[in-house]
Amino acid sequence: MKKIGVLTSGGDSPGMNAAVRAVVRKGIFHGIEVAGVYSGYQGLIEGTIKKLEAGDVGDIIQRGGTKLYSARCEEFRTEEGQLKAIENMRKEGLEGLVVIGGDGSYRGAMALTKRGFPCVGVPGTIDNDIPGTDYTIGFDTALNTVIEAIDKIRDTATSHERTFIVEVMGRDAGDLALWAGLAGGAETILIPEDSYDIDDMVDRLQKGRNRGKRHSIIIVAEGVMGGNELAELIKEKADIETRVSVLGHIQRGGSPTARDRVLGSLFGARAVEVLLTGAGGRAIGMKNHQVVDYDMTEAFTAEHNADMSLYTLSKELAI
Amino acid sequence: MKKIGVLTSGGDSPGMNAAVRAVVRKGIFHGIEVAGVYSGYQGLIEGTIKKLEAGDVGDIIQRGGTKLYSARCEEFRTEEGQLKAIENMRKEGLEGLVVIGGDGSYRGAMALTKRGFPCVGVPGTIDNDIPGTDYTIGFDTALNTVIEAIDKIRDTATSHERTFIVEVMGRDAGDLALWAGLAGGAETILIPEDSYDIDDMVDRLQKGRNRGKRHSIIIVAEGVMGGNELAELIKEKADIETRVSVLGHIQRGGSPTARDRVLGSLFGARAVEVLLTGAGGRAIGMKNHQVVDYDMTEAFTAEHNADMSLYTLSKELAI
Amino acid sequence: MKKIGVLTSGGDSPGMNAAVRAVVRKGIFHGIEVAGVYSGYQGLIEGTIKKLEAGDVGDIIQRGGTKLYSARCEEFRTEEGQLKAIENMRKEGLEGLVVIGGDGSYRGAMALTKRGFPCVGVPGTIDNDIPGTDYTIGFDTALNTVIEAIDKIRDTATSHERTFIVEVMGRDAGDLALWAGLAGGAETILIPEDSYDIDDMVDRLQKGRNRGKRHSIIIVAEGVMGGNELAELIKEKADIETRVSVLGHIQRGGSPTARDRVLGSLFGARAVEVLLTGAGGRAIGMKNHQVVDYDMTEAFTAEHNADMSLYTLSKELAI
Amino acid sequence: MKKIGVLTSGGDSPGMNAAVRAVVRKGIFHGIEVAGVYSGYQGLIEGTIKKLEAGDVGDIIQRGGTKLYSARCEEFRTEEGQLKAIENMRKEGLEGLVVIGGDGSYRGAMALTKRGFPCVGVPGTIDNDIPGTDYTIGFDTALNTVIEAIDKIRDTATSHERTFIVEVMGRDAGDLALWAGLAGGAETILIPEDSYDIDDMVDRLQKGRNRGKRHSIIIVAEGVMGGNELAELIKEKADIETRVSVLGHIQRGGSPTARDRVLGSLFGARAVEVLLTGAGGRAIGMKNHQVVDYDMTEAFTAEHNADMSLYTLSKELAI
């Protein structure tokens, strides 16, 4: 193998740049060339591919977003699109590709692999919802962004003796809500993995007030319902006024935390090592404190399990 | 004068604690006692008044929110409520009161003053909308919170080539939107002080794209319209997809910036000095780089003028 | 078991408060009482022990330092001191003790356990140097503090084309230096676990300059040598001017990151569970992504091993 | 005037990039071309001058340091160097120059102006020590960096009942120490503008302890003496152990605060307006809440006066 490519795909997540940097420099370290593909799979089809030197990825490890950009690409879902992508990569001399993104991006990488172009996947998403890895790049940063927001909201909640609902990202996975709820000292956490009991929630709110709590914070993952919807439900059920904060897009951005930079570096480097063995269709992950690689199909066929022990503990501590 | 009180009222704002600390310690420095009134005007009526020592306000200068709490109080708007408040203060030996809050809080302070109980107002609100002072306590912190959010959103906007609408606080005053727009490098700023031109806005968006801008950011003060409403308007008018971020309550909280702590300290101290002269009905402010005191009625009868030169400059620089 | 105590000892670390909160509330959840011991082992001897309710540990999960205070205590090293400690605890009805601190604190806990008073240790130190656990409470926060400092220093280093030496904590353990070096994109990392080669270091500096790098950052753990000493060495050896930043005490403080809050919560809760079984002399940790408990003596007799794969990777990526 | 240049000189300060952006875009807005000079006066002599488009200064308003770099330049102090600089600028078609930097940089700008090449100065330094302006670009950011450091140190100081000495920048000007001391709730502030009284300092420390203060913080500007030197003095005089934190270079970096971005934008824009009138030898500033321009010689001949009312107030509040 003499030259490989790297792209970022799907929603951007902090630490993607650390992974790109690692792919480029680890490749150069092993004597191969590395090219950046701009705007994800769309860039493969349009051929926006550019050789990157060690200096081109300098001063990016601390930046949020992705310097390689990301984009949706309908055309890539077609056979035609995929063949064009491979043609463009071969034209540039690429022999392998590192795809940094979520499970949707992995499907694309698997399709290319099946067509004979070896791809390796690196998990980049704030949702932490990729089966086979305990952590994804960007989760830790998003989590700390949520925590900082909760800390700010708590100032107002305490000053005014109010109940706040904080809506966080997570359509199918409750990891962000779970971790943020435990770390933020929330009374109640609503996640897609569990049904909610509005009576129990109201009961906890009232118990908290009775023991003199000046504020209550409820975390709800967007996949359960919207924050405003929940506020209406509580109002209806128990006539309790709540305030709602929908954190939204700020959860995706920001300078990556140390952990996301380290994770991005470890994953990007391992992806190059795997590609150099000639293997395709592998996904990189962290499993039981070890960097691992595993069959990429597992990442979009197996189920992601949130750590429900955090859920239980959070309830026990929010008394 | 031997003893004075201090309360915080209206929406909490970062730096209020620095002002409370300054009132207490400046009072003690001048040999008088200072009592904290808890939960604003409601605390006056309920008599939740407690003498504060220097140590009681230690370790609070860096905290957001208000350690004296805040609350709405309908009863205080009545004659009965105000008389009860004065009775309670006299019972505690108070001879003057520092009220930290917005213009609504000033009205209450003026009512007490007219009934013979001297009050001095300290401007505490993130909106920066109190006539007679160039800055209010909390504005600088809120502004920096907005800026950090915009910086995060810009990461995603750049990575995905998107247009974002950021809705910030400001029902009647555009200060937060103006400053944040200029400091955040926004293309367009919509403030209550000026009518907006949807065609011009769309035109700017398209020009930016044409010159290769990967992201566009529009700041809208909530007093103009909601962010989601604006998104629909742009969609309708020009078929441009935008993403919306409603910053909401995170704008109120957080550890105060250095400037808000200094402002709180200066204002709190001056309030005590003014009260010690026996004067009531005065408001504290910063005018042309000087700490001043002025007739409190000005603060809720005059009009607040946003600095429109920032508006003009922002347009010139966002080319 | 009806009542247990909790104390913090040794250097403070962010997340200790989350652990204290977890001990108190988990205890209450299981129907036992929990008392806080103030100022570490000194508090045991002086008897500054106070029952804590759920509300007493409210609003502390986000605070740096330790609300239970910490202190050195020579007297506790003596038999007399330890017997007095046990006597005081029995007087208060305590039947077990959770000790949150570093390996020095664990020795004290083991001594008490051997004298018949069951203690469980929770690893609280920014150094991440306790054998038997992959992470200690406070490490993640300290690491991010270091990273933010490096990011700031990089601004100046790039603007002025300079080489900076950043001295970080770590007398015997290089974890902080290693992680920070990798996450901060440092050229060179000096850790106590490895000998340094001044010629290689100078060589790397010069290679970086030759390929157009505008800045170079060297991380040195205090246990290797002081930053200023290293600057002189480089000056002497290669006549290269460097600037030095000794990060010092800021590395200990600050609001804990989400991870340190979660770790503190998990560890504190597990400590209570272990004590409730009647076991003493156990230490809590995170091993291969699982919360575990193990023989406490391991924590101060075994050797802590830094993850040297980070060291290797850092060198490969800093080309 | 058809084309002007802009450079940054002296120590970098956060907000310089906002000023550069404003100069470039305000110039373009007025229909003239703007060129960036790289590495300060050295770039003038070496001719590293490059035309900048609006897009070239996009996405920099939030970055610390200076994208135009800075450097020392001995040669520029000579007549020969200055003539060469003017020659190079004329060769590029420049007719005016905006110099962003401290008072040393202003001297260079004045020299060029006297030789017939009109220059305008924009105050960029974290020291806030330029006569004729109430604020310089970068001061607010540096101040908040210091405050955050003090907040972290306070965690440890409180937990361990310790006295900390924090050494901040400021060789001749005490502004940073003064503001940080007031905003950080320091017991004692030592600034170059006032003699210090070691007995009074020790007295304050002991009084604080007597009233139960768990921590004491002393801020010393580097121009008074080093933090370690002060620690020895206090040890000698009163046998009080202190811990020292030398903040050093982290004070220069970081993403600029909103205020520094606004200040940079306002100053950069005004500089262009002044140059367009054909005037040279003017300095831009903020005076009594107004953007002003004034004779540049004032900036290095008049004396900067720190706001000593902060000094007095700080003492009154640190009781």
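Order of writing sets the labels: A, B, C and D. Residues in every chain begin at 1.
By definition in this document, contacts are C-beta pairs under 8 Å (C-beta built on N, C-alpha and C of every residue); 3 or more make two chains touch, one makes a residue touch a chain.
None of these values were measured; they are calculated from a predicted model.
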{"item": "Where chain B and chain D overlap in contact partners, by chain label", "value": "none"}
{"item": "Magnitude of the superposing rotation for chain C and chain D (Cα, nearest 5°)", "value": "180"}
{"item": "Most distant chain from chain D, judged by the mean position of its C-alpha atoms", "value": "A"}
{"item": "Same or different residue numbers at the chain A/chain B copy interface, by half rule", "value": "same"}
{"item": "Chain A and chain B, separation of their C-alpha mean positions in angstrom", "value": "35"}
{"item": "Mean-CA-position distance for chain C and chain B (Å)", "value": "39"}
{"item": "Touching two or more other chains - residues of chain B", "value": "151, 154, 158"}
{"item": "Interchain pairs in contact, sorted by label", "value": "A-B, A-C, B-D, C-D"}
{"item": "Chain C residues within the chain D interface of the complex", "value": "8, 11-12, 14, 63-66, 69-71, 145, 149, 151-156, 158-161, 164, 214, 243-250, 252-254"}
{"item": "Chain A-touching residues of chain C, taken from the complex the two chains share", "value": "18, 21-22, 25-26, 28-29, 54-55, 58-59, 61-62, 134, 140, 143-144, 146-147, 151, 154, 158, 179-180, 182-185, 211-213, 255, 257-259, 261-262, 265-266, 269, 287-290, 310, 313, 316-319"}
